[in-house]
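Below, subunit A partners subunit B and then partners subunit C, in two separate complexes.
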Partner chain A sequence: MTAARGESRGLTERILAFQKDTAALRAAYEKALSTGIFPQALLDEEARLSREGEALLARSLPAIRRHFLDREDIGAKSEVLLTPGEDDSAATGISKERLLEADLSKDERALVQSLLDKTAPEDELPEDLEALCADRELTVFLAPGTDCVRFLFTEEGEVYLAEEDGGWEIRKKPLFTGLLAQAGVSEGDARILVLDGDGRVVRLSYDRIDTPQKAERLNLYG
Partner chain B sequence: MRRLSELEARRRALLRENPIQDPAEDPTLSRYLAYVGKKRKEAEKALDDLAIEEAYETYLLRKARKKSRLLSANGEARSTRQSRAHQAAIFQIRKKREELIQKDPDAFAALGERTVLADIESQGAGRLVHVPYLERAREQIFASLDAGIPVYLVGHLGSGKTQLAIECATEFMEQRLLQQRLEVRMEGAGDDPKGYFAKIYREVHASVQAEHLRPYFIAGSHDLTAQDMFFEKTLKLSQTQGRGSDEDQLSSLIDGFAAFVRGNAEILQNMDKDQQLEFMLAGWKTFSNLYIAEHSGYGTTVEKIEKEVLLALREGKPIIIDEINTIAMGNLIALNDILQHHAGQTAYVTGVWSLTIAEGFCLIGTGNLSTGTVSYEGTNALNPAFQSRFTTIEYNYAPQETTGDLNTCEHPEKNELFRLLLLHLCDREGRLCLPKPAETLPALYRLAQLSRISQDIFSGRGAGDLAAGGEVPVLNEAVLSVRGLFHVLDHWNLGEAEDLSMALWNGFLSSVTNADDRNLLLALSVRCGFFPETEGWHVEAKKRGEAPLAFDDIRTDPARHVVQPLETLSREDVAKLLFGKGPKRTKIEEDLGEEILFDEGKQADRDQGLALDEKIRGLEQAGDVLTAAVTGDDSSKG
Partner chain C sequence: MDEADRKKLDALNKAKESEKALQKKDLEEVLARVSDLLLLFSGDSRLTYPVDERGEQFVLDPERKEVRVPLAFFTSYPYRESRFLFHLYTALALYPDWVRCPEGYLHRGEAFAREAGILTNAFLEKVKEAGLSDDPAYQKDIVYRYMTSELLSFFEGCDLYASFLMVFLRAPMYEDPAQKKDLAKMLLLEDLLPHEDNPTETHRDLAGLLLTREFWGEDEMDNEDVKRMFREPVLGRARFLCLREELSASLLRGEPVTKRDAIIRMVLLPCFLELFRGDLQRTELSATVKLQDGEAKREAARKKRGAPSAKNMHELLQKLDEAKRQRAVAAKELLSGRRDLTSFGVTAEDQNLFAHYERLVRPEREKMKAFWKKLLGDTSREVSVPVTGVPKGTLSVEALIDRYPDLVEAERQQNYKNLLIFDTTHLQKISRVLPRFLDISFVMDSSGSMRGEKLAPARQALAICLLSLEDFAGYLSQNAAVTHEPCAVRTEVWLYGTAGTKILSFSDQGDKRAADRILSLARLDGSRGSTDDGGCLKQVMAEITPEMIREQKAGRRIRLVFVVTDGASSFPGTAKKAVEALEETGALVQGIGIGDPQDAAALAAFRYVYGDRGLYLGKDAGRLPDALLSALRENIGGVFRQYFRRSVGME
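Showing the complex of A and B:
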């Protein structure tokens, strides 16, 4: 714990130093702008700070994700991948033939198959996330995802996003509403496939901050 | 080897009075400065020579036209072999100048700087700046006046129609006087008329300018009658005695009597002395009685005072009738006969009978143009028969690109509104002091774009993509005209006490009383990057018919302005901003050329600066994200 705190303090100091150096670079740039000459030292400093900024952002990605979890422009998207054919009954759902005809890659087809094979929700919630759901009074019946991201389906048809960074955090506003799912499988950290109430296979995704470049482009005021 | 881009950057830094180093410490730079100075002088001389050549050909062209007018049957100038030759020569000179500035970097810079200085002088004297849009209108006006056809200038408010009419009329008078004086002076030209012309031209031109010629001017109104234009009859109470002293009166009486005696000297000689005395006494008594009767009475007399149109017709001067379409059509008809005759012909003038129109008379009318969405109180559409006697010229707002930004703008010379705006901020020497020019200049460019967008909507010329798929935006009463733009800039005062958004509110938007207009103009301002949320503003979108947004509705944080230090841009910088970079220097004729690497095309300093600015913005953004996510978290936890 002490080591972690020490590391955090070291990171804070590096960030403060980075900001100070950036301000100095801006001042040097403004000065150079009035002459139109950009000395090599200025260009070298910009390159050094770019490297440092990227390293700091990469290292802070989990913290950034948690901090910006409630941002408006989170890029939540739902896309219907497959619908039952006319001959498919409600009871049997999407037939094997329909799945083979669908325009899907091999991996996608295998994942959809595993989704169709699921008979009941079996995603268990980590204990601390479960406690957090209880605090928020969320009755979660389905929670597909990975070790660090979960899509929480509630009985009210809302889908919440939970991110882990040393502890779980649940987004205040739901990602989707009016969506009831029978089963779900993870397709990576930012995507899941679910079987909805109409027997359709739907891909749910959001724009996860997973690179320093994405972190840098975040809208601070959004 | 030294890079040319570096030497150029150092030279331009010297012009900004912000030298990177003392040029005396850098011999190559000193030699380069001397070289550029010499080339600039040569370029200025070449431009001067071309200007004199053009003036000479113009003089000859006018002389040829005058001759043609005298020889023609109806007093109109027709093209002749001589006039065509001079016109062709003028076109050739203009082409030569165009080629020179496209090829020679020093000529380009010299002309750019001269134009900046001339523009500033015009603005300072309250005259219009000669942007190309204005030049096109002026050419049309002069062509029409030269042909003896009156001009009707129409357009929307704040475009400068009245000023344009006054300037064109004044210049028309100056041109005529200049021609007369040149013709007189050129009689002594001798064997080298062109050389002689070059010697006397500037002096004659200055003498004409010193005359301060002014045209006649009438402000139109619905109550203006034909009498107000031609002559006014007024009753005058005359009381002729008592003005002079008693001695004067007596002297006048004696003078008159002496004249009477001289006129009757022959009769008097044939009389004896008594008869003469009796005759003289009777004469004196009668004469003095008559004098008293004539000079001591009070009475009312009718006096005719000639008014502007009649004076202009007699004296051969231009007359401007401002807001002509506010005058009742019944009264305007009185001008009909004058409008269809030109100088030298006889025209009927109401109440005067007829008179010969003097050389130099011309008429310019101005009027606001009502459209489907904008109505100017008190104006009427001109009767088509009346209007057909004019050349109608529409003169509105100066051009400005409404898409893109300053840094990506490929033809800066086409942004004439931005030019007017920057010139308004320059000092007398053409220098421009701005806070953070890298940020302020693009913001000023956006202000010019906002102005033009509002003008387009106001004049019903389309709203571009604003109307796509929705309600067509309309401005009924308010528009950010050049006048309005200057108000905003004056409020801004280089950002001393307020930023541009605040100045836009204080100098313009707060005065807009039409609710829909204000809401739309605010929405357009936000679209152009003003009133950002990050600087303490929040402008909510409003539909037509909703209440107008007030200051308290849009200001979320009262104190955000930070005073920034001013940085100076030289006149050359301003010229480059307005007219583009011009041709690159690709050679130096002297030994110095061997020491220099010509890299100006490859080293795009502005592009490099922009790219670097973008990168630093990225770093600043990264710092803000990290602070919010990591440092902010730490402090909240701590």
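Showing the complex of A and C:
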């Protein structure tokens, strides 16, 4: 506990120092701009500060994600990868030939195969997330994802997003509605593949803030 | 009103009309005279400059490639040609940049989101101080939108200044002091120079003050803050001069708006932010007062100088952006070989399917290329031809007998020269006669029994044949360029089930052909019911015209028909008749059957219909691509060799 507090105090100091240095840099920059001569030390300092800023942003990514989890333009995207052919009945689903004909990479194909065979292991919900779902009265029957992101499929056909940023949190609005899935498999932190009710393979994804650059581009006011 | 009055009025109207017509003519003359300069500014020789009798503003229409010049603007106040042309040049000055980089103008708000954020932050602090945080008029998204619009109008002002600079660069006569003074007066008339009295909106003047400084000089600037800022040193020069020189250099280099914005961001934007902060300090916030953006005022100013309205400008940029996007797509399609064929009913999935088979058959296709080259090489080789009755070579008994009197005569004269009694072989280049047309029909079974394992080989077989024949057609046209002997290879694809449909036709060209090629693979999906090959062959037959039959019989046109069938024909009698009818026209028919060899009825029907023209592969559908390809190879090879012999006269 004391270690964490010490660390957070260290962080506050780091941020204050960063603010002070940037202000000093800005003044020095204005001065240099008037003559048009930029000393090497100034450029070095700028590079150092931009690295420091990036590091600070990278450290605060979980906090930023938590803060922006409910933003409107989260970049939710659903993309149909594969539809069953005419001779593929609903019972048999997508045939092997059809899968071979699809324009997919080797890894994607293997993933889709495991999805079709339903051999991917069922993901158990972490306990605290399960408690959260119970609070929100969500009846989750499928929750593919990774250790830090889960796509929660409810029986009403809504897909909610849950992120682990120092504690699980569920996005207030659903990412997608009217989507029922038979099976799902994670394809990375922000992407999953699901087999939907019509036997189609659909890729669901959203724009996760996972780099300092993405955090920097966030619109704070719009 | 009596008759005389009416006549007077008519005459007056007529005079007015003719006056207008005259003015229009004048204007057109002026435009024709300066067409070179207009081209210099617009950079687009396709632009035309029609005179618009009704409009009041310059309208650029990138789709129709025209700039409508407003007659009303031309006649509204005392006309001076230099002033008029200045307007026209200014309207065109940034046109090349709009065409090249429309997104730079359209997405400026996003590029300067950070600055808008800084301003919003400062404003919200002020709101907080005033205790109005909960006021609906000062919510962060509203404030942010307001700040973005303020920034955008600042940049619009800078664009105007940039377009003036462009005119100075391209038409230096306006740099002349007398001309400049005249322009200065004109700008004053048009309300372009700022005279903002509101102490809380001085930031809105900044862009306009650039014009005041440019045309009237430093002394006429009434804003002391800005005067000081313009004098401050930046990059070793006064800020204003620095900005002017850097912008001019950038314009001369033909750099896009993004580069220009970067210069403004460095040199002038800090002043804007500083002025804004000063304004903010002087502002007194009161509850629920709507933030006033000066849009109405700016729109009036635009109208006064004949510039396009904000809406028109936005539409123009969007059209240009769309055009640019289309150019990019076209270039990408050209590079990747994939075209947008959605208008022909080709989905992305179909394209993927075709691409898959194209990749799959690539090795086989490369092998076939060698075959085609060899085939063409065979037809153009030199051959040894025996020649008798020549003065050199080995003695020929036949020639000796024929020419015996000559020999007797020669003996008498003791002169054995020029005795044509020998024979030899000469290498002779053969004049090739190729068929004029090579028409190849693929009649593919798409009946329900094709579903499952047989579909993929059938598609593969069709893909390799179509693609390889394209290669062959390419070689033939190269060959034709050398030998002046064109031979057109054309393919068509029929799919049949209960009924036959032509998917790819001989007459398809360009995108349509590319689309139908893809569709003939995608529609080969075993969804067509029973197996009526006879009906489909009848349809193929029906498209052969009497002229084609004549050509086929004369050997100028070769017609090959490949039928891929599976299972028993539903009507073997019709099928057999159709095949025989086709053969009678001079076409070559080749049937390839796949199916269970234990199914005696199917086998018997196949043998009955195709006889020795048929090849029954049995259950192994995987052999279909090879079988179809080798049938194609043999038939075309046979035809070409036959022509080769015919032309040499060996038969």
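Assume the second predicted complex is superposed on the first by the 215 of 222 C-alpha atoms of A that agree within 3 Å, B and C clash if a C-alpha of one lies under 4 Å from a C-alpha of the other, contacts with A are read in each partner's own complex, and residues count from 1 in each chain.
We take it that a contact is a pair of C-beta atoms (placed from the backbone, for glycine too) under 8 Å apart; a residue touches a chain by one contact, two chains touch by 3 or more.
Bear in mind that the values here come from a model prediction, so they are computed numbers and not experimental data.
Chemist: Classify the contacts of A:L33 with the two partner chains as first (subunit B alone), second (subunit C alone), both, or neither.
Modeler: both
Chemist: If we overlay the two complexes on their shared chain A, which of subunit B and subunit C does A:A102 touch? Say first, second, both or neither.
Modeler: The answer is second: A:A102 touches subunit C but not subunit B.
Chemist: In the superposed model, does subunit B or subunit C contact more residues of subunit A?
Modeler: Of the two chains, more subunit A residues are contacted by B.
Chemist: Does subunit B (first) or subunit C (second) touch A:F18, or do both, or does neither?
Modeler: Touch partner of A:F18: subunit B, not subunit C.
Chemist: Can A:G166 be said to touch subunit B (first), subunit C (second), both, or neither?
Modeler: Once the two structures are laid over each other on A, A:G166 reaches no partner at all.
Chemist: If we overlay the two complexes on their shared chain A, which of subunit B and subunit C does A:T83 touch? Say first, second, both or neither.
Modeler: second
Chemist: Where does A:H67 make contact in the superposed view: on subunit B (first), on subunit C (second), on both, or on neither?
Modeler: first
Chemist: Following superposition on chain A, which residues of subunit A contact subunit B and also contact subunit C?
Modeler: Comparing the two interfaces on subunit A, one with subunit B and one with subunit C, the shared residues are 30, 33-36, 220-221.
Chemist: So in the complex, the part of subunit C that touches subunit A is made up of which residues?
Modeler: 113, 116-117, 120, 140-141, 143-145, 232-236, 266, 270, 349, 352-353, 355-356, 451-453, 455-456, 525-527
Chemist: Per the contact definition, I'd like the list of subunit B residues that touch subunit A in the complex.
Modeler: On the subunit B side, the touching residues are 6, 8-10, 12-13, 16, 18, 20, 436-438, 533-534, 567, 605-606, 608-609, 612-613, 615-616, 618-634.
Chemist: Going by the contact rule at the top, pick out the subunit A residues touching subunit B in the complex.
Modeler: Per the stated touch rule, the residues are 8-9, 11-12, 15-16, 18-19, 22, 25-26, 29-30, 32-38, 42-43, 46, 49-50, 53, 56-57, 60, 63-64, 66-68, 212, 215-218, 220-221.
Chemist: If you look only at subunit A, which of its residues touch subunit C in the complex?
Modeler: It is residues 30, 33-36, 83, 85-87, 97, 100-103, 219-222 of subunit A that touch subunit C.
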